[in-house]
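Same chain, two partners: subunit A is paired with subunit B first, then with subunit C.
What follows is the complex of A and B.
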């Protein structure tokens, strides 16, 4: 695409496509506002940008100057950020069109996008099922073909898990690869902006644009933006590890079949495949569900009715203002996590929970280093133990919901890059396969994903 | 239940979070389940020493110590629920309303 007229035509077509899939409830931006903004953006975008005219939906916990940023929460209803997140500013500079804000679990806390104050998101292929979460709106819109790419955020798998459920590609970069400036904080030592795409190439293109050093985020590494690898002819020279803890006996048989097929194809492409062990994996979910709520309880202290958004009335003094605003403004999952986080940080419990979780996190990261130090380049695993589950199925049981993150949280805890790509279907529902790479070696991971994507029958029954 | 009703109320107070009475039984039950679940971390020997894992750069990079205001597209008055003459407005603290000025005791 090289002309303004073409960009305007793309903007119009994007609005039409997003309107057609309104029933998914993936987009929070009203159509009239979206149309006006997209047409203005298309006329203003610089045609020399590498993403010129590419519509990209942005998760609603990433700040944008146009459109509200609510994080799927009543406590930020109507809030407009006073700046663009660095990732959004870089997309604009590359000529991309910001195609509205996507629905998500409140403050990115959830695995099904049923915890948004603005209603649940539907799975693009089966409206009785969830699209995954917390970036379910972004995943559903890419999965439905409304946009080629979207931004999401990851704290424990919130890009890769919905990508697997919706049959699209999802990349979680190394912690520090992409600036967190303008990403509303949930668990600051875990949070990263991630990318969805229809293909590995679409997702990787967007990632390369948003990556790189940013003086506004001290946790962003002082590195150049990611350079895109070429599509390889084979996987000769790659050593792929299969962590045995990710292939338990109770793994869904269709997921196992799809993984076995993908593994066979990687072997046929020339990769050396060997079983490895990450022994502390069974402790990853409990570790995550101590550290993430602890960080959330601190990060969400700022929503007190003083500095942001609505103030819930009836308060006669300052403390009751805090308590009533937070009590009424936050939904049940966020309230629960704030309470758990406060509990594990409180006097008498800190050593038993928080300190232990930090020790376990170090052991989990050490497991990965041990495997990579022994010559393994990448790890291959299922992304999620099963395909998309029914809406409401896990709402009353937080532990069952948390377990859908079991194969994704480890990369967040260890700060590693990972990608989920579709590797087959079961009864029409997509299954995702995951490649976990070494820190800041996203190029190797994307190269292998390119090769696998070319051969794996992603829409065939496993 | 590993977490009691009283503990939930105390934690809610620490978190400045109002919890409705009718929400309490479910919250006690769910928090107990979560705390029981994460308690498996106690299987890690207390004395086991591992180098702490820090995500991100090994050393924090410092910017020059200069005041460089970031231009905001919207002023705080547009974001805050109540704002006047450069200040965020809040209700008065209870003890001052009562006129005793004493620090609140928890």
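What follows is the complex of A and C.
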């Protein structure tokens, strides 16, 4: 695409496609606002950009000058950021069109997008099911073919898990690969902006554009943007590890079949495959549910009703302003995590919870280093233990909901890059396979994903 | 007999670092701008904004730590101090907690009671300032100004080493002098760039254990330090003497009433839930960086004072006065070096120069070269001391070369014996009775005659020459 006319045509077509899938409730941006903005963006976009005219949906917890940024929360209803997140600014600079803001679990806390204050997102293939979460809106819209790519965010699997559920590609980069400036913080030491794509290539080229050093984020590594690898002929020379803790006996048989098929294909492509062990894996979810809420309890302290966001009923003095804002502005899952986080950081409990969780986190990261140090290049696992579950199925049981992140939280805890790609279906529902790479070696991971994507029958029953 | 009560004081001092921009964003730190005009997403704590540490502020903090003889740690950690307050936009303050920038320093100051005291500096850490709540601007409402939000501070925690309110004042003055010398802060209490809280307890003389302490806050002017601490000490002593006990609490000083009142308990007893700030990697300082900061340190006031005593023969008291600020010390030293009249230079600086500066915004208006010349003119007998003061004032006000100024003022001393003899003859003729008394042995009248000659000459006569001529004439 090289001309303004083509970009404008794409903008119009994008609005049409997004309007067609309105019933999914994946997009929070009203259609009229979206149309006006997209046409303006198409007129203004610089034709020399590598993503010129490419529509990209952005998760609603990433700040954009266009559209509101609500994080799926009442506490930020109507809030317009006065700045673009670094990732968004880079998309614009590359000529991409910001195609609205996608629905998500409130402040990215959830695994089903049922915890959005603005209503749940439907699975693009089965409206009775969830699209996963927390970036469920982005995943559903890419899965429905409305846009080629979308930004999401990850704290414990919020890109990979919905990507697996919706049958699309989802990449969580190494911690520090993409600037977090403008990503509304949940668990700062775990958060990374991730990307969804119809294909590995769509996701990877968006990732390449948004990656690279940013002086405004002190945790962003001083590195050049990611360079895209070429599609390899084979997996000759790759050593793929299969961590046995990720293939438990109770794993859904269809998920296991799909994984076995993918593993066989990687072998056929020339990869050496061997079983490995990450012994601290069982502690990952509890560790995550100490560290992430602890950081969230502090990160979400700023929503006090003083400077922005709506005023709720009953605010007559400072304390009642705090109470009404936080009591009515936050949903139950957010309140639950703030309470947990406040508790684990409290004096007298800090050592027992937060400090121990940090120690366990270090052991989990060491598990990965041990495996990589022994010559393994990449790990292959199922992304989620099961396909998309029914809406409402896990709402009453937070622990069951948390366990759906069991195979994804480890990469966040260890700061490693990981990708989920579709590797088959069970009863029509997509199954995702995950490759976990070494820190800042996204190029190797993407190379292997290219190879696997070419051969795996992603839409066939496993 | 020693007094029955001993006071134990430790000061926690917050010092604003002299940087152009804030600690974690690029906003200006200039004082006095209209409310909420020096703000950005970072210091407003907007969703998604992240802090990036200001390297210049870190350099200044390290210089402060080095000047206080602290151990500067190669690795320190920024931590979040969590509490809710309307002028704290993120709901937490970025500070340092269990791994501060520096620890274990000393500040030596002169106590009027105990001589030189080496007070301990327990720790020095970097933090960001909060905004300002303004309660008296709008009726029934509090306004928040976030211009100050994110301004870089260091907190200097002193040990419980001060023994009286006067010592607390002396400590603070010495600290202020040191920080101004090294140029890391304006240390202006009225503008809030230096703030002090005090931990105070009392014990009977001879006791060694520390008793329950209170923290005195809201001491917002230099003049109130001693007053506030005296009030609190007296309150504690009276309380214990009447059979009560001190409870650990925060006391707020009211300068209008010169009294303290306990802060409402609702306002305190925070659990700050400190934890390492995940947005900021540990602060790692290379030995090269620390060495560079060390090399940026000027001669410190104590060393300078000692050197002035040794090199210029000044008394310790005079040396203390002329080293009070770096500007005055540099001024004195330039004058002293060019005039070779060290004591005269000190005298001029301590009197005329400082008095003039005090009335003119601390500006030393007479250049060191000009003052040096004035001193030379006095020494050479060209100017009387009185005339020299007039010349100094004139040069201060209008500038110019001192000799030309003296000439145009007509105050050059007359050293011509014939001319002086003329004035002497006139004076003696006009004061026959005094001449008689002098000749009868009342020789102390000499100064009267000299004065009269000076008067007759309108200050132009060289007083030494006048005296000699007088002595000759009166002897005949």
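Rule of thumb we're sticking to: the second predicted complex is superposed on the first by the 461 of 462 C-alpha atoms of A that agree within 3 Å, B and C clash if a C-alpha of one lies under 4 Å from a C-alpha of the other, contacts with A are read in each partner's own complex, and residues count from 1 in each chain.
Note that in this section a contact is a pair of C-beta atoms (placed from the backbone, for glycine too) under 8 Å apart; a residue touches a chain by one contact, two chains touch by 3 or more.
These figures come from a predicted structure and were not determined experimentally.
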Q. For A:317, is the partner it touches subunit B (first), subunit C (second), both, or none of the two (neither)?
A. first
Q.
Contact-wise, after the overlay, does A:239 reach subunit B, subunit C, both or neither (first, second, both, neither)?
A. neither
**Q.** Partner chain in contact with A:228 - subunit B first, subunit C second, else both or neither
**A.** neither
Q. Just subunit B (first), just subunit C (second), both, or neither: which does A:308 touch?
A. both
(Q) Quick check for you: in the superposed arrangement, does A:69 touch first (subunit B), second (subunit C), both or neither? (A) second
Q.
One more residue to check, A:184. First (subunit B), second (subunit C), both or neither?
A. second
Q: Using the superposition on chain A described above, determine whether A:298 touches subunit B (first), subunit C (second), both, or neither.
A: second
Q: Give one of first, second, both or neither to describe whether A:83 is in contact with subunit B, with subunit C, with both, or with none.
A: both
**Q.** In the superposition, subunit B vs subunit C on subunit A residues touched
**A.** B
Q. When the two structures are overlaid on chain A, which partner does A:50 contact: first (subunit B), second (subunit C), both, or neither?
A. neither
Q.
Going by the contact definition given at the top, which residues of subunit A touch subunit B in one complex and subunit C in the other?
A. 79, 82-83, 189, 215-216, 218-219, 297, 301, 304, 306-308, 318, 322, 342, 346
**Q.** subunit B residues within the subunit A interface of the complex
**A.** 3, 7-8, 11-12, 14-20, 23, 27, 30-31, 33-35, 37-44, 46, 48, 50-57, 60-61, 63, 70, 72-76, 78-82, 88, 90-94, 97, 104
Q. Touching subunit A in the complex: which residues of subunit C?
A. 41, 44-53, 80, 82, 84, 86, 89-92, 142, 144, 271, 273, 275, 278-281
Q) Can you list the subunit A residues touching subunit B in their complex? A) 65, 79-80, 82-83, 175-176, 189-190, 215-216, 218-222, 283, 286-287, 289-290, 297, 301, 304-311, 315-324, 326-328, 330, 332, 335-336, 338-340, 342-344, 346, 352-353, 356-366, 398-399, 413-415
Q | Partner subunit C, residues of subunit A touching it in the complex | A | 62-63, 69, 71, 76, 79, 81-83, 85, 180-185, 187-189, 215-219, 294-295, 297-298, 300-302, 304, 306-308, 318, 322, 342, 345-347, 350, 354
